[in-house]
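Look for chain A in each of the two complexes below; its partner is chain B in the first and chain C in the second.
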Partner chain A sequence: MDILVVHLFNALLYASVLFLIAGGLSLIYGVMRIVNLAHGNLFAFGAFLTASAVGQWFAGSNSALLYLLLPIGAFGAAAIGAVLEPTLLRPFYRRPEEYQLLVTFGLMMILEDLIRFIWGPYPISATVLFSKMGSAKIGDFVYPRYNLLVIAVGGLAALFLWAFIYRTKFGVVLRATSQDMRRAAALGVNVNLVYVQAFTIGCFMAGLAGAIIVPSQSAVLGMGVDALVLSFIVVVTGGLGSLEGALVGALIVGTVREIGISMFPEIELAVLYLIAAIVLIFRPAGLFGKTA
Partner chain B sequence: MSSVPLPFERRSPLKIVVWAVPIGALLILLPRIITPYQTILLTYGLAMAIAVLGFNLLLGYTGLLSFGHSAYFGVGAYTVAFMVKYLHVNSMELFVLGAIAASVLVTFLFGFVCVRYTKIFFSILTLALSQVLWSLAFKFFNVTGGTDGLRVPTPKLLGIVSGEKEDKILFLAHDYYYYVLAVFAICVAVMWLIVHSPFGKALQAIRDNEVRARFVGIQIRRYRLVAFLVSGVFTGIAGALWVPLNGLTTPDILYWPFSGEIVFMAVLGGFRNFTGPIVGAVVFNYLKTSAVGFTVYWQGLLGIVLVFLVMVLPTGIVGSLRLLWAHARRRLSQ
Partner chain C sequence: MSSRPTRRDFLSQLGVTAAAGAAVGGSAVGLIGAGIAQAQEKPKGTIPSTPFKIGHMTFFTGAGAVLGEPMYKGNLLAAEEINAQGGLLGKRKIEILKADEAAGTDANTKEMRRLKLSEKIDMFMGITSSGNTPALGPVAEELKLLTIFVDGCTDFLFDKAVPNPRYVFRITNIQSADGSTCALAVAATWPQIKTYAHIHPDYSYGRNCFDHFSIVTKKMLPNAKSVSESWPKLFATDFTPHITKTLAAKPDLLVTSLWGGDYVAFYKQALQQGLFGKMKVATTLALGSVPQSIGKDHPEGVLTGVHSNYHFTYPAGNRWPLNKTFVEKYHAKFNEYPNFQAEGAYTATYVLKTAIEKANKLVGGWPDDDAIIGQIEGMMFPGPGGYVYFRPDNHQGYKDAITGFSKNVAEYPFPILDPHRIITIPIRNITAPPGWPKGEPTSTYTWIDQTWPVVKA
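Moving on to the complex of A and B:
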């Protein structure tokens, strides 16, 4: 029984991180109709920034300060997003989507090497935050408390985002822009500003995912590319552009991964991709998506 | 495709001969002029050119952007590696036939699913399916060697020329180069016939206006599936030719950034041209090799080149040259 609880927590852990990454990807697609292939690299950037801040620059400081430093990766990724959208992406909204995919693919290559340039080729870890929190007892099992924090952050992020998009004025503007950009513009919405904000929030979420994952696992090169494909599965299953979809997709992928790792480790990834493909065959817009 | 498509080149047979003969002669003579190392680089470029030529039947002519062509390249390469490991075959002709058979099978299966969609969904679906193969190659260590990959020794060409006795470099730079060149020439000719056939015209009609094409009576899905099949098989052949050159196949060629490289090559040369993908593949190969030699940050450098290309030269090398040429001719005639 207790082992089931542990598995459940692990599934939720994956789901939280995946929701943060895929939710950002989906938000960006929902508002701007761009699939950002460099999104995974922003996740990696957040991880590297937090890891170096906690594990190197301020290593040995007061632990309260270190916990406060944790979200620095999210803000760093958001800053990059705020710069990238107006400079690199904006010229491409009117162009065919193969160019949009290509420019973000080029961006992915650049960001990947930018991370290598800044932090070098070796993994960086910030395990101090992970070990400081110790473990909780679940029956006969010990479970790291930090993982529970990650789950809580994921859940809170989902809640905040929902409230933000469905309960605030900015959310109304965002949804209006996403549904009909021209009409929103005609009604006086500053579409360019909404685009920058949406992209920045999306990048913030990816960076936050990187920042909270880094105390439990190191920041390594290539983590962005891997994360992107997993979050593709999430958004494809849930529906591109839908936040509910990203949440449900993240829960599905998290659960399947957790079951897969203990029961069919060899084909765990293949099963995930197949699920995505099967969902696409029967519901091309995903479980929660609306066909354009 | 929302942009107004440019018409493809229309050339008389005489003009084609005028272009093709000197280029063919140059490609035949080149190994005598350049170093073996340069020749091997060119061989890589020609093998990749076949893959990009196939890829462009989908992007340039049918209007479908596949982000999963690494799958078919990998199928070709891994088929050869499996034939070496489990069937102890070493004949290059059998390798190519095996790769064709395997890629027909996989492409049909994937294509059947993918051609139901267009635009971004097509791209993501092809990507997701290609990653199924990557994860299998990555995880089934006993069968595929995992990240270590599988070794492929130099094959026997036409049942007579074997690279086992002579120096491997010389074999690759001479005998194997001409072999790849011959296959390349056949593939270019076949692709030329395909895109200029009524079938090729139908694909372009589908790309330009799907609804009208359907009204004319074109069975869109079936045409797309055939295009997908041809495209995948070309890429599979390229994978088979590439493996002996590389000597090793690893899951990297199945991973999705490799698909991105194939797209990169097509855009670099210009996917609105017949010759664009060929030029793009050969140039990309040189570009990548020199970038790798020049800096450890070669990937970022290539990324900058890609972003620049997409922003400033969306018609690629060949498209831009043709624009320049047309411009110059207009100037001269005035």
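Moving on to the complex of A and C:
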């Protein structure tokens, strides 16, 4: 029994982080129809920024301050997003999709090198936040309390986003812009402003995912590309552009991975792709996607 | 074999030695040396003064940079030392051209061709991944490009991909030595083990460690059995489910070949899930990647492998001055401690220098590649980590295997190998000998399977 609880927490832990990353990716696509290939590296940037703030610049400060510093990676990634959208992406909205892919792919490479340039080639840890919280007893097992915090943050983020998009005026404007950009503009919506806000929120989510996993995992080069691939599996399963899809997709991927690791260790790598493939065969636009 | 030997007897036959080392840290006897550099003799004949170009390909980006960066630094340090004395044969300065291994295997083979054909490199060095040496080896042979691979240590390279090498050499220990060393250290230290679990990265290195740990353990701990296997993706960061699975299997021992950032993330998560308190842990590369990336929160007494190659604290003190001066110089230049890749690349550069000097003495002038190759074949060379021997038949470098146990000491802000419990194994006792038929999955595997006895407990 206790092991089932631990498995459940593991699945939720993975799903929370995936939701934050894939949710941001999906939000940006939903509003702007841009597949942001640099999204994974914004996640990595968030991780590196928090890791260096907590593990290097302010290492040894009192722990309340360090916990307050945790979200710095999210704000850093959001700041990059707020600059990138108007300067680099906006000129490409009217061009065919391949231009956007090329631009965001280039951006991915630049961010990867920028991270290496700033932080060097070795892993950076911020474990103090992870170990400080200790572990909780679950039957025969001990489980890191920090992981429970990550799960809570993932859940809260989902709730907050839902309320934001379906219960606020900004949400109405956002959805209107996403459904028909021209008509929204004709009705007086400042589309440029909506775009930069949506993009910034998406980047914030990626950065938050990076910031929140770094205490338990450490920041390493290449983590961005991995995250990008995983979040593609999530959005392909759930449906690109749909937040519900990202949430359900993340939960499916988290659960399937957990089952795969304990029961079919030899095909751990293949299991996630298999799920995405099966979903695509039966629902080509993903579980929550709308067929064009 | 008339009767089965006991485990203790057979470990003695293999020369598995747990040795107490000298005190850690600097000793009073300061040797002012120029690293490996020997007194320079005047070269024979006229030597051109054109630069000697080395194409150095390793991981400069991505998660592999954790190993690639020290490799390049080892090469760089040796090149600068040699250049400070005028260069190779006192004339030819070494010029290093960097290439990023992270470009992918296909792109790497093209880059090797480009380096040879367009940049006219005299030699190729580097490579971290076991996925790349089997692809690049045949290309180097085809290009007739003198090559010393620093790592990418898969047995497959000289077993299958380049079974009769002419231009290609490799300096770090062959991969199978890693799993075997780990298994022998376990058998010598914890013979009471009855059950064990595996966590290995799912690529050639992890599979190789699994194979060789398993075959050696079958011989040395015949009553022990594997109760759990996990194969996380290489460069994964979340090991929570693998740890849960391992804990649920309740093994006496966990064997893992995770390395670099993977191992850092793994041990931090395992600590919080109480894994280290519930079982022994044996690793192949925990302290090997970057010594300073492991924190002092890492438990002591873990079998912490160094790729069975090198840890900068051994040989300790001033017992092997080559190591002392190398570590001091490396630390002074880069403000970090060298790992096995740095030692490998540094030594490889001096192997090259020595071979060129010997060849020059024989033929005069700048020796051609055949003369240099003839000198590397069969060379026994003292590097910071000890003697390395290049077997003429397969061009593989062999040096005695080493592993040990994590220990925190006051001198370093990270754990090192416990200087009182170093385990060394003569390399010839754990690798297939010359002439042994090529086997599957490796020649060493079939050699162990067919020639080692199953010991009595």
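Going forward, the second predicted complex is superposed on the first by the 292 of 292 C-alpha atoms of A that agree within 3 Å, B and C clash if a C-alpha of one lies under 4 Å from a C-alpha of the other, contacts with A are read in each partner's own complex, and residues count from 1 in each chain.
Criterion: a contact is a pair of C-beta atoms (placed from the backbone, for glycine too) under 8 Å apart; a residue touches a chain by one contact, two chains touch by 3 or more.
This structure is a prediction, so every number in the text was calculated from the model and none was measured.
In the three-chain model built by superposing on chain A, chain B clashes with chain C. Applying the stated contact rule after C-alpha superposition, one finds that A:Phe48 touches neither chain B nor chain C. In the superposition on chain A, A:Glu266 makes contact with both chain B and chain C. Using the contact criterion defined above for the overlaid structures, shared-chain residue A:Ser216 touches chain C, although it does not reach chain B. Of the two partner chains, neither chain B nor chain C is touched by A:Phe288. After overlaying the two complexes on the shared chain, residue contacts for A:Asp113 are found with chain B and with chain C alike. In the superposed model, A:Ser135 makes contact with chain C only, not with chain B. Using the contact criterion defined above for the overlaid structures, shared-chain residue A:Phe199 touches neither chain B nor chain C, since it reaches no partner.
Once chain A of one complex is fitted onto chain A of the other, the partner contacts of A:Phe19 are absent, as it touches neither chain B nor chain C. By the touch criterion defined above, A:Asn10 lies against chain C but remains apart from chain B after alignment on the C-alpha atoms of chain A. Of the residues of chain A, those at positions 112-113, 116, 225, 265-266, 268-269 touch chain B in one of the two structures and chain C in the other.
If you check the complex, the residues on chain A that touch chain C are 3, 6-7, 10, 13-14, 17, 112-113, 116, 120-123, 125, 127, 130-131, 134-135, 141-144, 146-147, 213, 216-218, 220-223, 225-226, 257-258, 261-262, 265-266, 268-269.
Residue ranges on chain A touching chain B, taken from their complex, read 35, 37, 88, 91-92, 95-99, 101-103, 105-110, 112-114, 116-117, 225, 229, 232-233, 236, 240, 265-270, 273-274, 276-277, 280-281, 284-285.
Looking at the complex, you find that chain C touches chain A at residues 60-66, 68-69, 202, 229-233, 235-238, 240-242, 244-245, 247-248, 260-261, 264-265, 268-269, 271-274, 290, 292-293, 295, 297.
Every residue of chain B that touches chain A in the complex is listed here, in rising order: 1-3, 59, 65, 67, 113, 116-117, 119-121, 123-125, 127-129, 131-132, 135-136, 138-140, 255-257, 260, 263-264, 267, 296-307, 310-311, 314.
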